[in-house]
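Read through the structure below, which is laid out as structure tokens, and then see the notes.
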Amino acid sequence: MNPELRKLKNAALALSKKQLFLPIFALCLVLIINIIETPTFFNISIQNGVLYGYIIDIINRASELIILAVGMTLVIATGGIDISVGAVGAVAAAVCVRLLGASYDAYATPMFLSIGLALLAGMACGAFNGFLVSRLKIQAMVATLILFTAGRGIAQLISAREIGGKMVPGQILYVRMESFKAIGGFLPGVVVPTPVFIALGVVIIAYFILTRTALGLYVKTVGINSRAGRLVGINSQMIIFMCYLICGFTAAISGVVTSSRIYSSDANNIGLYMELDAILAVALGGNSLSGGKFSLLGAVIGAVTIQALTTSLYAMGITADQLPVYKAIVVVLIVSMQSEELKRWIRNFRQKSEAPKAVLQ
Amino acid sequence: GGQDEAAAGAEDDLIVVGYAQVGAESDWRTANTESFKSTFVEENGYRLIFDDAQQKQQNQIKAIRNFIQQDVDYIVVAPVVETGWETVLSEAKAAGIPVILSDRMMDVSDDSLYTAWVGGNFLKEGQDGVKWLNDYVKKNGLASQELNIVLLQGTIGSSAQVGRTQGILAGIDANPKFKLLAKQTGEFTQAKGQEVMESFLKAYPDIDVVFAENDNMAFGAIDAIKAVGKQPGKDIIIISFDAVHEAFNRMIAGEINCSVECNPLHGPRVAEIIQKLERGEKVDKIQYVVEEVFDTSNAKEILPTRMY
Amino acid sequence: MEDNSILTMRHIDKTFPGVQALKNVDFSLKSGEIHALMGENGAGKSTLIKVLTGVYEMDAGEIRVQGQDGPVVNHSPEEAQRNGISTVYQEVNLCPNISVAENMFLERQPLNLFGGIKWKTMEAMARQALKEVGLNIDVSKPLGEYSVAIQQMVAIARAIDINCRALILDEPTSSLDESEVKTLFEVMRNLKKQGVGIIFVTHFLEQVYEICDSITVLRNGALVGTYRVAELPKVQLVARMLGREFDDLAEIKSVKADSDSGSTESIMVRARDLTRAGMIDPFNLIIKKGEVIGLAGLLGSGRSELARLLYCAEKPDRGELLVRETPVRTRAPIDSMKLGMAFLPEDRKEEGILEDLSVRENLLIALQAKTGILKLLPEAKQNELAEKYIELLQIKTPSPETLVKQLSGGNQQKVILGRWLITNPEFLILDEPTRGIDVGTKTEIQKLIIDLAKQGVTVLFISSEIEEMLRTVNRLCILCDRQKVGELNNDDITQHDVMTAIAGGAQTHES
Amino acid sequence: MKIGNYIKEKMAGTGFLLFITIIMFLIMYAGGVMVYSAQGFGNMQTFMNMLIDNAGLIIAAAGMTAVVITGGIDISVGSVIGLVCMMLAYMMQVMGMNAYASIAVVLLFGLVFGTVQGWLIAYMRLQPFIVTLAGLFFCRGLTAVISVDQIAITDNETFLNMATRNIYLFFGATVNKRGIKLFPFVHPSVIIALCALVVVWYIVKYTKFGRSLFAIGGNERSALLMGVNVRRTKMLAYILNGFLASLAGFVFCLNTTSGFVEQARGFEIEVIASTVIGGTLLSGGVGTVIGSFFGVLIKAVIETYIRCNGTLSSWWNKIVLSALLCFFIVLQSVFAAIRRKRSI
């Protein structure tokens, strides 16, 4: 009995691993098309001491999205959604830059302190969302809509500059100290862009927490049936709250990274429309937006896929404003590729169907 | 009803002006708003009703309708876009309220719908940019050699983009030595500007000149250029527009060679027009604000005098 | 096609990943007969029905329906309905958010000339149809506001109202109690007179012998045989179902005999004037350590609510609760768990299973929650426990990693039971634990309860089957109209005594 | 007494949210009239403007309601509207097409687009959010493909007449400073919107299709077992919504008489917001078309507050707007919670 059960279990595990197969496949597809289109796509060279090339660009630019996707995955797993991440990022960026101050030789506030406070600001926003959703039972999309709008206003308010003797908000503040640019650029003597490390760090920590603690299981439970979850002693409200908190945190990180890239706080544009890409990333990772089961790595791959798509479309000389058309088509292709229904059709096509009619899944 | 008249009576002396602003999407815009807010104050005999459209035309249309209900004396609009004002302006006309445009033009079937327009001449700005480049190459004796040019456009369709692109392209065509390699929109933002410039640099290793249709995109471009180990302002000439505060710092640092001003201080000019209209005088429809060209040579002394 | 058979199924095969649910099954239903479909949990009853009604597509086999020459394939329940087959599936399958009337007439609403729904007419019709099954409720309220039992009756009423040649009832009685069952049988007899053929799935043998004409037995997805009721005594039927000789009543009796000794004097739980508005009136209750106490009452009498209050699934409005004589301010279920309580809810679908989690995760979630978020149970331990309880409760599943939603109804119930046993609780609250469980396992569970009691575990046991409770409990607590109306010590009292007690309670309550 | 019963009935079940939504609207409107009477909040026309400004929103919200009731969502509406405006502008201004022909074309497009999305969601079982997100990208991009310029409709007389014709009410006139007597009026767009509203309301409340939407939203599986053709119904919902989106686009274009790439960007958020304010649950199964209508009006009132205040800078505008929104939503949820307690 036992050994064969083991076998079955391993088989099942293998299957669940397969879940990641399609997202990866999709990513590869995008990349392969590239070689055909732009042969130089995979060239990586070292220019003035740092790695250089499309691939590096993709990973580098995907970093923020990856970081966001981590938080978004959790939120979505609880059956919610957070459309405020972009704005929250802007808030964090504003806090960070405002604190750092705009001088060439010294920060008004030590860098790590101001970054820390920026992250706190992000978590505060996350807490706000979490409170609305978990305690007041407000529908996630609407609850987060509030910061989605207010966030940028707050960010503008924070990024004030002294003009003609009085502080005028709604400015674009610039950080001049080179050392701040390292976060979004390169650490001295390192050939890989810093954001990549940050993204990697976030993913690893998240993965560790989810696999070493029961958080992952709890989140799934809450997402599947929070009532049942409550009866088996899981504090659904707490879990949901935490997920939004984490999401706010990741949003803040990505915001700070972006602001360091442009070493300024552009309240109107930092993280603009990022929420959509983040959600898309989660979905491309083979996750259901209705909550429950989730795959963190899937989301990460999804994020990279999106950036790869964008970068390569640019490389193919498609203009920014027409890009969405192609993006849309590819997205539809990828998700249909992952759809149960398609698999079923193929199966039916090959031989009589084995699984229950997907009507009931 | 009665209350209206009462309210109106109380402040008969004040001229009520409704200003439908685009938003606060750039320093330029904020400066423009400030200029209006500081001009139309009670001391000068005005009451300003300010409305911020959050970069959305439909909001602006709503605002104008609201101004009509608030029964203002003048409506000032800085249109988000040039098009689509037929319906609401005809309502304003029916209510007999004069409409003055600031910054962007309006494209309507009959231009009696608005009284006057105040703003910068984007076409001229574009031409000034190229003109500066021509002088520059002459001065530095580069006139003989070919110059490879790329153009970072603004948000497609915005009149700043349309006008400047037009001016720049015309100028480039005029000079056989100038060669336009590529143009793409950076949507007026630093991040996009950087991203687009990066792809330019990959595609074309030998770029000599960058036109950026606003300063922010230029800042992005500068980073992209630095990233490939070239020197902005030396290896690659950078010409940008707007001449915001930060742009001067960059010119002083020698990273931007030239920035063509786009003057946001429309308030006083509009006030003039209103005064004329109050006196029943005739005003001419198109009124440009004065705009200059700044470059590394004069940036340092000008900077302290800048209001934005 | 035979004389008067309404539908016949031949050589039906159906495989799911990991299990062959149906192997070459034949089945035929005559008009005017009530045909019982029997088998253990996971035998394939529901699957057969779902294949018949086009919920699943079969791998092989053919279905013939009276009036159609040539085999028919139903691609959807809708199509099945058009072929004169109306079905009540296992588990209530109605929409909680829309009104009772709408649930009854969905897709069949009475329309006016402009294709608009005539609401008033519809609600009148609904009221009428529900009267037929002895239900008199506000049909304009959302279905979700009524208890499981009522929902079940609505589902039945709906199926009956669709005038059909074949009516399929998959475990309709599992959540009903005596009186409802009686009315249901009345209705079934009438239909029978009208020549309707009825497929009736249940785990209650008495009911089968009370109303059915013939029996088809499935075991592990294979057909054992079809018999006339008269020709097949109870004992043999059970033997056919389980594939081994077995006399449940005898076994249980013997067990019960010594079960009383389980109870001691130390008190486990004491409730003082515990109450929650609209659910149950204030009640006092003392449960001794190691005793098995049952809650008897009619539908909506407040049994579940009483249980829920003890576990703090809902917060009481007033009153206090003492566990081991120390008052508790429990705020959430987790606190009750920490006190050694365990609660198996009545509504498996809504509050029990976590559909998209594996059997293993479903088994271990409670223990995990108890150990805390930071200490994840080691993989090895998880598998060990999971396998242990899968064997102990004989849960039919391809592997511990199978999604629990893929198990048969009864097996899902076992999983939830296992979930709580793993936490080895001191006070076990079971609300309808044997609902939808087959005879074999049912007795297993009853024995289990008694064994637990022997080991000093206190058990609160709710069942709509008074028989079953009489076999297991030491003490019965009678509820009526959301009031506790009395207690009976279980020494040779009969079902009748209990019923009278309930009735009596009702009278005292009236006056 | 009778009214009391009526209200009780309304309070029962899902009617409750609708009920409080309407009450809230009335309160907020009354408040506005009191505080901002000097700013002409009390004028009949101010209310009419709410309808004129939001005609498109009203239609889109009605469509969204139908989709959300099934537990789905459509975030492509904003882009569809943008695209429709661009198509109209391009066809009439650049290609010089006849107004009615162009309108027919865009409505047809709406149907087709809705069908495609519906098919992908209902038959390919792709997630609504993602499919419509792709739809959002697609339409926005297509708009740019058609033209990157701002195209104003200035030549097409028929269309401009439709756009600017005033339909007057013959009461509630106001006289402004310049002594001009202004009768309150609406544009044809409002009439179209209200008609669409009524039709959708009827469909949702009084047709089999409409009720099936609720069943699916409540429990798709059960709906299927009860014999609902889930796939077809879902697909139809998205077709309906696609059509209404394009109709909204047309109405929107009547108001803006132009097409450009950024047109109606982010509009979907407004649509969803008003739908939810109107008491529709994004989890599906609960919602009313009338509710969504009042959702729109409530948004309009909040915005009018800010306009009448007339001093808020860009950032405060954002903050105050969402603060008011937040306040409203929280209040709503509190009411809902109280009621949940009551019912049990």
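Labels for the chains are A, B, C and D, by order of writing; each one numbers its residues from 1.
FYI, contacts are C-beta pairs under 8 Å (C-beta built on N, C-alpha and C of every residue); 3 or more make two chains touch, one makes a residue touch a chain.
Just so we're on the same page, UniProt names per chain: A = Sugar ABC transporter permease; C = Sugar ABC transporter ATP-binding protein; D = Sugar ABC transporter permease YjfF.
This one's a predicted model, so the numbers in the text were calculated from it and none came from an experiment.
Any chain touching chain A that also touches chain D appears here: B, C. Averaging C-alpha coordinates per chain and comparing to chain C, the farthest chain turns out to be B. Set side by side, C-D and B-D show the greater C-beta contact count at B-D.
Rounded to a whole number, the gap between the C-alpha centres of chain B and chain C is 72 angstrom. Taking each chain's centre as the average of its CA atoms, chain C and chain D sit 45 Å apart. Chain centres here are Cα averages; for chain B and chain D they lie 34 Å apart.
In terms of their C-alpha centroids, the spacing between chain A and chain B amounts to 35 Å. In chain A, 156, 170, 319, 321, 359-360 are the positions where the chain touches two or more neighbouring chains simultaneously.
In chain D, the positions touching at least two other chains are 144, 148, 221, 224, 261, 313-315, 317-318.
The residues of chain C that reach two or more other chains are 55, 76, listed in rising order. Chain pairs recorded as touching, per the definition above, are A-B, A-C, A-D, B-D, C-D. Chain contact summary for the complex, chain D toward chain A: residues 120, 123-127, 129-131, 133-138, 140-142, 144-145, 148, 221, 224, 230, 261, 269, 272-273, 276-277, 281-283, 313-319, 321-323, 325-326, 329-330, 333-334, 336-337. The residues of chain C lying in touch with chain A in their complex are 15-18, 55-57, 59, 76, 313, 332-334, 337, 343, 345, 350-358, 361, 365-366, 368-370, 372-376, 383, 387, 391, 398-402, 419.
Put simply, chain D touches chain B in their complex at residues 37-43, 45-46, 49, 52-53, 89, 144, 148-155, 160, 163-164, 166, 174, 176-178, 180, 182, 187, 252, 254-266, 303-304, 307-308, 310-315, 317-318.
Those residues of chain B lying in contact with chain D across their complex are 1, 3-4, 6-8, 18, 21, 23-24, 33, 48-52, 54-59, 61-63, 65-66, 68-71, 73, 80-88, 90, 94-97, 107-109, 155-157, 162.
Interface residues of chain A facing chain B in the complex, by the touch rule stated above, are 47-48, 50, 52, 54, 57, 61, 156, 163-164, 168, 170-172, 174, 258, 261-262, 264, 266, 268-270, 314-315, 317, 319-321.
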